[in-house]
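Given below, in the form of structure tokens, are the structures.
In what follows, subunit A forms one complex with subunit B and a second complex with subunit C.
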Partner chain A sequence: MRILVAVDTNPYSSYVVNEVGKMAINTWSDITLLGILDPKKSTGKVEESDLAKSLLDFREIITSYYPKGECPYSREEIKSFSQIKDDVYVATGKGGLKTLKIVIRKGINPVQEILNQADEDESTLIVLGCNKTNKCKWDDMDVPSKVANQASCSVLVVKENKTPKQIVCCLDQEYITQNSLELINQMVTLYNAELKIVGVAEGESLKMRVENTMKNLFMYYLKQDIPLWLEVINSSVFPNFVHQMSQDNLIAIWLGPKSFLKKFFPDEKITTLISDAPSSVLLLR
Partner chain B sequence: MNNQQMSILILDDEPIVTKRLKPSLEKKGYYVETFTRSIDAITRFKQRPFDIVITDLKMEGIDGMEFLTEVKEMRPETEVIVITGFATMDTAKESFQKGVLDFLAKPFRLSEIHEAVAKAEKKIKEKKAQN
Partner chain C sequence: MNVLIFIENNLASSISLRYICKQSQKVSMFIQPIHVEEPTQGHFQFGAGWVRKTWERTLVDTTKDEIETFLKAEAGNCRGLTKVKILVGDKEKELQKEIEGGFYDLFVMGHLSSFDSSMFYELIKGSFLKKLSTPVLLVKNLTPFEKVHILLDEYMDIEKLIPFYLKLYENAQVNVSLVYYNFSENKEVNINDGSENKKIQLAKELLMDRGISPAEILEIEGSPEVVGDRLKSSGMVVSMLNKKGRKRPISDVLASTPVPVLIIWD
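Entry: the complex of A and B
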């Protein structure tokens, strides 16, 4: 698994790094810690910026999760950044079984810089945080929701340091990707959380198809020895249901290009969910 | 299969995984055999040695950890790559203690598997050159 962690210097980024640290200790993922510098506001050396200092601290947090001698990432001290192309700077230590690199990109559009880095890394998951109290914005910009809507991979928006008791997954009934099931499985393992899978039906004929898919999912999880709750709801109540569930649980919605959930949950609703949900939100692709 | 071609055994109880990996590794020039039951994979491994083994962990019957332990006992020079959908700190640690080369949590990109296999191939060739 390749995780791209997009951070800034706000306190919510520490929550994100802690969540990623927990994920990394289980999955030994390759990790990129990404920060975006506004070229208008930063004129000095990249390594002297507050952002670079925060990124180096975040790297320490992730490696500190491992006992001495068991860390898969290099713990070598980083003294400088290498410019690998125009406005992209990378720092990484030598050695290590897995990659933990720091990337600083200079750009005026943080959303585009995050998406570009995700494409270049072929990331499996983008993780970023925001504050519950300011509608989940990064300095008045809708960075998390725009990344969530535009990314081609899955996106986890972390709201706070809270272990979810239940993961509520709203999966498309027509075409469930293996990637999304696998990511759900890792989340269930990580949080030791209950799993609830929700099918969304529109009309009687679709309801039968939804129920069939639910049966297949039930068999899949039975084989994996993972207990789960299944529920089928009508599409008309789907947005309200998501709102309610997001109060206390980690809500995961499959929004791949072929997903018909997009019909009931377009980009504007995702933006609202991300800005209003008190808990973290996972968009699966 | 020619003498220079690296052989890979893939074991995963989900056919969708083996169907995805086999053609992509064959395209890279590897000789690949896939199994969805660990008992069949062990039987085959006893019949012929494989250079590289890619195995899932959570499976019915003989699980991946037992399988890779047996593989390493039978043929220590075989490089093992673990792929798992239910990664934990303990399984990662145990895998490395048993001598696996890499540990990949699902979902993974094909390029991650290609990189891990290339690393295994390099290590095998270096060892052969030393002997």
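Entry: the complex of A and C
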């Protein structure tokens, strides 16, 4: 798994990095810690910016989750950043079984910079944080929701200090990737939460393909000995369901290319969900 | 206990079959699976008589293979499970006939849990269950069968409910708890030990008379959704519903709880 953690210097970013650190213990993922510098506001050396200092601290946080000698990432001290192309600076230590790199991109559009980095890294998952009090914005910019809407990979928006009771996964199609299942399992482990799989039926009866997927998931989790709750809902009550569930639970929505859930969650609704939900949101692609 | 379980090749049946097989580890039971193949209109265009009969036999043979494969896959080592009965005809009518003529103590079917309680009410108020006097176990999820919660309210005939439950599950090695429900719209639940509640005390006495000491006794007040959710730790919620009377809040609790629900009819 390749995780892109997009951060800024706000406290919620530190919270997110801790969550990713816990997740990385089980996944041994390749991780990119990404920060965006506004070129108008930062004129000095990249290394001397507050963002660079925060990113170095965040790297320490992730490696601190491993006992000495067991860390898959390089712990070599980083002294400088290398400019690899216009306005992109990278720092990484030598060695390590897995990659943990720091990237600083200069740009006026943080959303685009995050998406560009995700494309370049071929990220499986983008993780961003925000707090609950300001509609999940980054200094008045809708960064998390825009990234969630525009990314081609899965996106996890982590709300600060909210441990979900359940991971509620909503699906409407049969195509489920190994990566998305792994992500779900990581969320269950990370939060020690219950898992609920919700099949969304369009019309009267649960469509055969959704039911087949649910049955496969049921069998999969039965074999893994992971307790699972199953639920079916009619698509007409889906927005209401999501609103209610997002109060205490992490909502995970599979939004594949054939997904009719996209109809219920067009971009503006995803934005509302991310800005209003008290809990974290995971969009699986 | 004689159990009739309705089987289709689907997720709900997979869960219900696995669940009843778990129960059969703790309660002695004879489990009769039944599948009813509903022929489409076109199947009967052959007319009546031997053509129709041979056609039905073909349908039974074809379906039997599919359902037997399903049973083998889902419940290879299920205690008390016998050979599946395959019938052709109207699902409700055929099940009705089988239940009436078969001396069954319990009818089991899968019914996936739903956020929208209307699916539960469609089933409960539907023509099939309306005619049924046998207790019905609706399996919504596969839960461990270790704890049973008997859900009571002020309208319930305790002297009918508890003996009915005991008739089925007296010898089951499970923890039995008594939960008395009071409706409120409050999302926070209010709980007391029910020591002042006559219905709870009567239910307790009836259980104690048969050597069953309730693991927990609660009088709980809250919205049906919140109380239904709190019952998640249960392996089965047992309650009594009246088909004719007006809807009571306790049925909303049964609709919203995600665990298997045993309904005894008043």
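Simple rule for what comes next: the second predicted complex is superposed on the first by the 268 of 285 C-alpha atoms of A that agree within 3 Å, B and C clash if a C-alpha of one lies under 4 Å from a C-alpha of the other, contacts with A are read in each partner's own complex, and residues count from 1 in each chain.
Following the convention adopted for this analysis, a contact is a pair of C-beta atoms (placed from the backbone, for glycine too) under 8 Å apart; a residue touches a chain by one contact, two chains touch by 3 or more.
These numbers come from a predicted model, not from an experiment.
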Checklist entry - With subunit A superposed, do subunit B and subunit C clash or fit? => result fit
Checklist entry - Which of the two partners, first being subunit B and second being subunit C, lies in contact with A:28: first, second, both, or neither? => result first
Next on the checklist: Output check: A:237 vs subunit B and subunit C. Expected answer is one of first, second, both, neither. What do you get?
Outcome noted: second
Checklist entry - Is A:246 in contact with subunit B, with subunit C, with both, or with neither (first, second, both, neither)? => result neither
Next on the checklist: In the overlaid three-chain picture, which partner chain does A:92 touch, first (subunit B) or second (subunit C), both, or neither?
Outcome noted: neither
Checklist entry - Taking the superposition as given, does A:229 touch the first partner, subunit B, the second, subunit C, both, or neither? => result second
Checklist outcome for this item: In this superposition, the partner of subunit A with more touched residues, subunit B or subunit C, is B
Item to check | Touching partner for A:211 - first (subunit B), second (subunit C), both, neither | outcome: second
Item to check | Touching partner for A:189 - first (subunit B), second (subunit C), both, neither | outcome: first
Checklist entry - Between subunit B and subunit C, what is the shortest CA distance in the superposition, whole Å? => result 15
Next on the checklist: Please report the subunit A residues shared by its interface with subunit B and its interface with subunit C.
Outcome noted: none
Item to check | subunit B - residues contacting subunit A, complex | outcome: 14, 16-17, 20, 58, 60, 85-89, 92-93, 96, 102-109, 111-112
Checklist entry - Where on subunit C does subunit A make contact in their complex? => result 10-11, 14-15, 112-116, 119, 140-142, 232, 258
Checklist entry - Which residues, counting only subunit A, touch subunit C once they are in their complex? => result 198-199, 206, 211, 214-215, 218, 222, 228-234, 237, 241, 244
Item to check | Touching residues on subunit A, where the partner in the complex is subunit B | outcome: 1-2, 25-30, 70, 72, 97, 122, 124, 178-179, 181-183, 185-186, 189, 223-224
